[in-house]
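For reference, the structures are reproduced in the following blocks.
In what comes next, chain A is part of two complexes: it sits with chain B in the first one and with chain C in the second one.
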Partner chain A sequence: MTAEKTINKKKKIAKNKKTVMDEKKKKETKKTMVAESKTEQKKKKIVTEEENRGITVFPILLDEKEPGEHKKIRQKINKILKNRFLPPAIIDKIIAKVAGDKRLEEKLEIIIDKTWAEYSKNLIDPTEACGMVSAQSIGEPGTQMTMRTFHYAGVAEINVTLGLPRLIEIVDARSTPSTPMMNIYLKDEYRVNPELAKEIANQIEITKLIDVADIEMDLTNMIIYIKLNKKTIEKKGLKADDILESIKSIRKIDAKLEKDVIKVTLDEPGYKNLQTINEMLKNLKIKGIDGIKRVIIRKEPNEGYVIYSEGSNFKKVLEIEGVDPYRTTTNDIHAVAKELGIEAARNMIIQEAYNTLLEQGLNVDMRHIMLVADVMTADGTVRAIGRHGVSGEKSSVLSRAAFEITVNHLLLASQRGEKDDLNGVAENIIVGQPINLGTGAVELIMKHSKRMGETTSAEKE
Partner chain B sequence: MRYTRFEKARIIGARALQLSMGAPSTLAKIPKDIVDPVEIAMLEFKEGAIPITVRREDKIGRVV
Partner chain C sequence: MVKTTENKHQFDILKHELVPHHEILSDEEKKQLIEKYNLTPDQLPKILDSDPVSVSIGAKPGQIVKIIRKSHTAKEAVAYRLVVESN
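Moving on to the complex of A and B:
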């Protein structure tokens, strides 16, 4: 229910913005300031009045880039629709089909009317228990998911958690996925040129000292020799001096470069010290981004080079030049929420959950998953479904008490003097009332008889 | 005004209860073989003869 309300709110805000924008455009054409403010006031009044009466106003949206023919059809459709609503996606489909077909264009009115009738037929009734339907629609196919997870994704070399474990991970809103992964898309030149793509990959992939050099301990002289591997260093786009610099960042040691060998001596010689320094050197990060273990560059059709990475560090990767921040994705939902905002996180939840189910051959309607994602992100943060998230944080005492640890919740609530408005399902069942859904939400009133000369508002309609 | 399936169910249910407790039907003629109050109520609903309607509220709580 809360999710529904927020969606409605969002729609309303978006609508308001659009109308405001329309006003601004009209504003520019007006010459005098006085006339401007007057018309603006008038417009605002009309909008608010119409909204007050509950009439939805759908502004005609026009895309600048759209070809002229499509634009004409769109305007025609908007004219036919008047105050009726059709989703933009459906209108786009109709336009694509009708454009360039004179016979279809003549029948546009019939087409739109029939589409609208079909669309209205499929709309869900108010007070329908849509959450329940969603829960079952996701839950039932969930039972059919193979318990054994196949670690497989588009790139054969990278293992990704899939199936039931991944789905649980998504709805539990784990802070880090068990197999973090990123699809890094590149900007114009970078995605066509393999050299540039490789350069970015090198910047992203973490490179440790052990990857580019052989480390040898000389126990008698208490010296560590680091034999740099010239070929790999060149491949990674590194220089021996850079490596020397990063080695010097370790405290209490001294390093010197002699040809291809770096000699490391300790300030306080000792066997134990040597061992710890040796370990530190092995794991020393020379280049790359923390958290990204491995990258794979692949050439995709119609796209060019794409980098797939094992491990994820959304923030740092987006900052790299050449990475397309608009398309790059990660399966770390919390990172998306933090960097791109809650709406992006909602979209990620939808995408991830839908693809995980689809991977197993389970076709769950997108709208069920969208509802889940909406509930999870309704309050602006990503919350889990279940005791640690949505269910545990309900505002109603009775609802929480009905869910888990009944006595604790009731005790705490009585201490705090909490109030319960009996809005939810569980609360109303506890007190023995009809619930506020379906037939329980209908409020009956008597119609007054026509013979008595009175008509109710209901009859007027 | 079009009723949702829930509203339809409630209206017919409420009317059937009235009929079962002896209320006279609003229909002039009811086929002889129809005895069940629910069926009569459905017949009445079809004709638009039930003197009951619903009160709807919009999302902010105003009566529409």
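Moving on to the complex of A and C:
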């Protein structure tokens, strides 16, 4: 909170309104906190299963634009719900239906009760193997995915790995995607003005010397002539002097500008030296950001100019003036995790995986993908699913042995004298016990203290 | 030439559209949370103290961060992460 405050202070002049909003938010959360502690106290007196669930009042991040009538209904609903929980999305739907309809509003209590009953019925059961369901739900439609597709729905010029290879890439948490790409959004004046957008694109796209000049070797005199192409230089917004400067950064050479030709002489003449310098000159970076090979500017409806780039360098691009750092994204999940944190990486995994599946016409429920993303980001870093990640790091020996490279795991475990608590599924199947899931996880114990007639509701333990 | 901003984090990463709302729980809230769900803090998902968001809100190891995610299914969902030391 304190850090947030100081940041807010810095941007006080420009974002005065924002701070006010933040203050309001803080007040609101404090209110909910107070409400929480009150209900907490009540709960201690009468603790039942139902009242234990969800005491936070939604929505926590308030929508300022919400009309007053909706707010009133929302308050009413929260009153009826008391300690019961309904997701804000469902409450919103009810509000949209009820608003402006007096007869429905009178029956609000019944509506809420019925909705809540239906919602509770549809919640996943305790000890249900939700990971298994997710794996099957993603895996089954996955069999219908095209093995290799290389095109992007919106931008035809940029090749992007899609389909099964991309999905594997996401789940394996590769350090760099095979086709990194960025969607670079621009700030207000830049996104409407094509000239300014082009300028930013020039700053981002990498320009090598070979792109703007012809390089010729004079073998007899041991001189390299660089003939600058005036038109392309102008297009890229460069100057001959700038190019000369960057050429001079190469060691052991001397360069002179004569009209449109740069003359490069060596300090230590030699045929081999000349060849290596020639190669260096060809790949010399004059302008742009490392890693970004190509950019395309497109005009999107309701948005203006958006830059799409082949190759990705999240950190550097965000620092460029005119780029909107709050919306620009990359498909490099590790870069997102590094710059924006683990929660942003989780969002990116969900977005990428969901869009990859959707692009192939496969409608997998988002909750399954959310679960995958949750598991991948559970320990604060992006981990792969599989041998090198989640499955390979399980604490149980038998579980690891059951997954892959059985003999190695058993051998190492016996050397170290490892213990297995038989908590997981695979271990219990190996030793022939009921697994700790579903009905296998529940044991029934009858209370001896109660008499026969009163013990109809056996307690779960 | 390329105009780069002097400060590395001149923009506030907390306002990026991919980053949900984070806040640090007070000791009291932490106690309530643990009581409510009957859990030990290490059963929660983790967030590193070197995580950019942890750095910018000033979360220290041992604290619990409350995350209010924008959910596609529930509109808003609350999650918690335990701040751990990165090694």
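Some observations on this one:
By our rule, the second predicted complex is superposed on the first by the 348 of 461 C-alpha atoms of A that agree within 3 Å, B and C clash if a C-alpha of one lies under 4 Å from a C-alpha of the other, contacts with A are read in each partner's own complex, and residues count from 1 in each chain.
What we mean here is this: a contact is a pair of C-beta atoms (placed from the backbone, for glycine too) under 8 Å apart; a residue touches a chain by one contact, two chains touch by 3 or more.
A quick note: this is a predicted structure, and the numbers were derived from the prediction, not measured.
After overlaying the two complexes on the shared chain, residue contacts for A:Thr220 are found with neither chain B nor chain C. Of the two partner chains placed around the shared chain by superposition, neither chain B nor chain C is touched by A:Asn283. By the document's definition of touching, neither partner reaches A:Gln415: not chain B, not chain C.
Annotation for chain A, partner touching more residues between chain B and chain C: C. Legend: residue contacts after superposition of the two complexes on their common chain; A:Pro325 is shown touching chain C, with no touch to chain B. In the superposition on chain A, A:Asn122 contacts neither chain B nor chain C. In the superposed model, A:Asn83 lies in contact with neither chain B nor chain C.
Those residues of chain A lying in contact with chain B across their complex are 5, 8, 54, 125-128, 438-439, 441-447, 449, 456, 458-459, 461. Of all residues in chain B, only 1, 4-7, 9-11, 13-14, 50-56, 58-59, 64 touch chain A in the complex they form. Residues 1-4, 7, 11, 29, 33, 36-37, 40, 52, 55-56, 58-61, 87-90, 92, 203, 242, 287-289, 316, 318-321, 325-327, 329, 336, 338-344, 347-348, 366-367, 374, 377-381 of chain A are the ones touching chain C in the complex. The part of chain C that touches chain A in the complex is made up of residues 1-5, 8, 10-24, 28-29, 32, 36, 45-48, 51-54, 56-58, 67-69, 71-78, 81, 84, 86.
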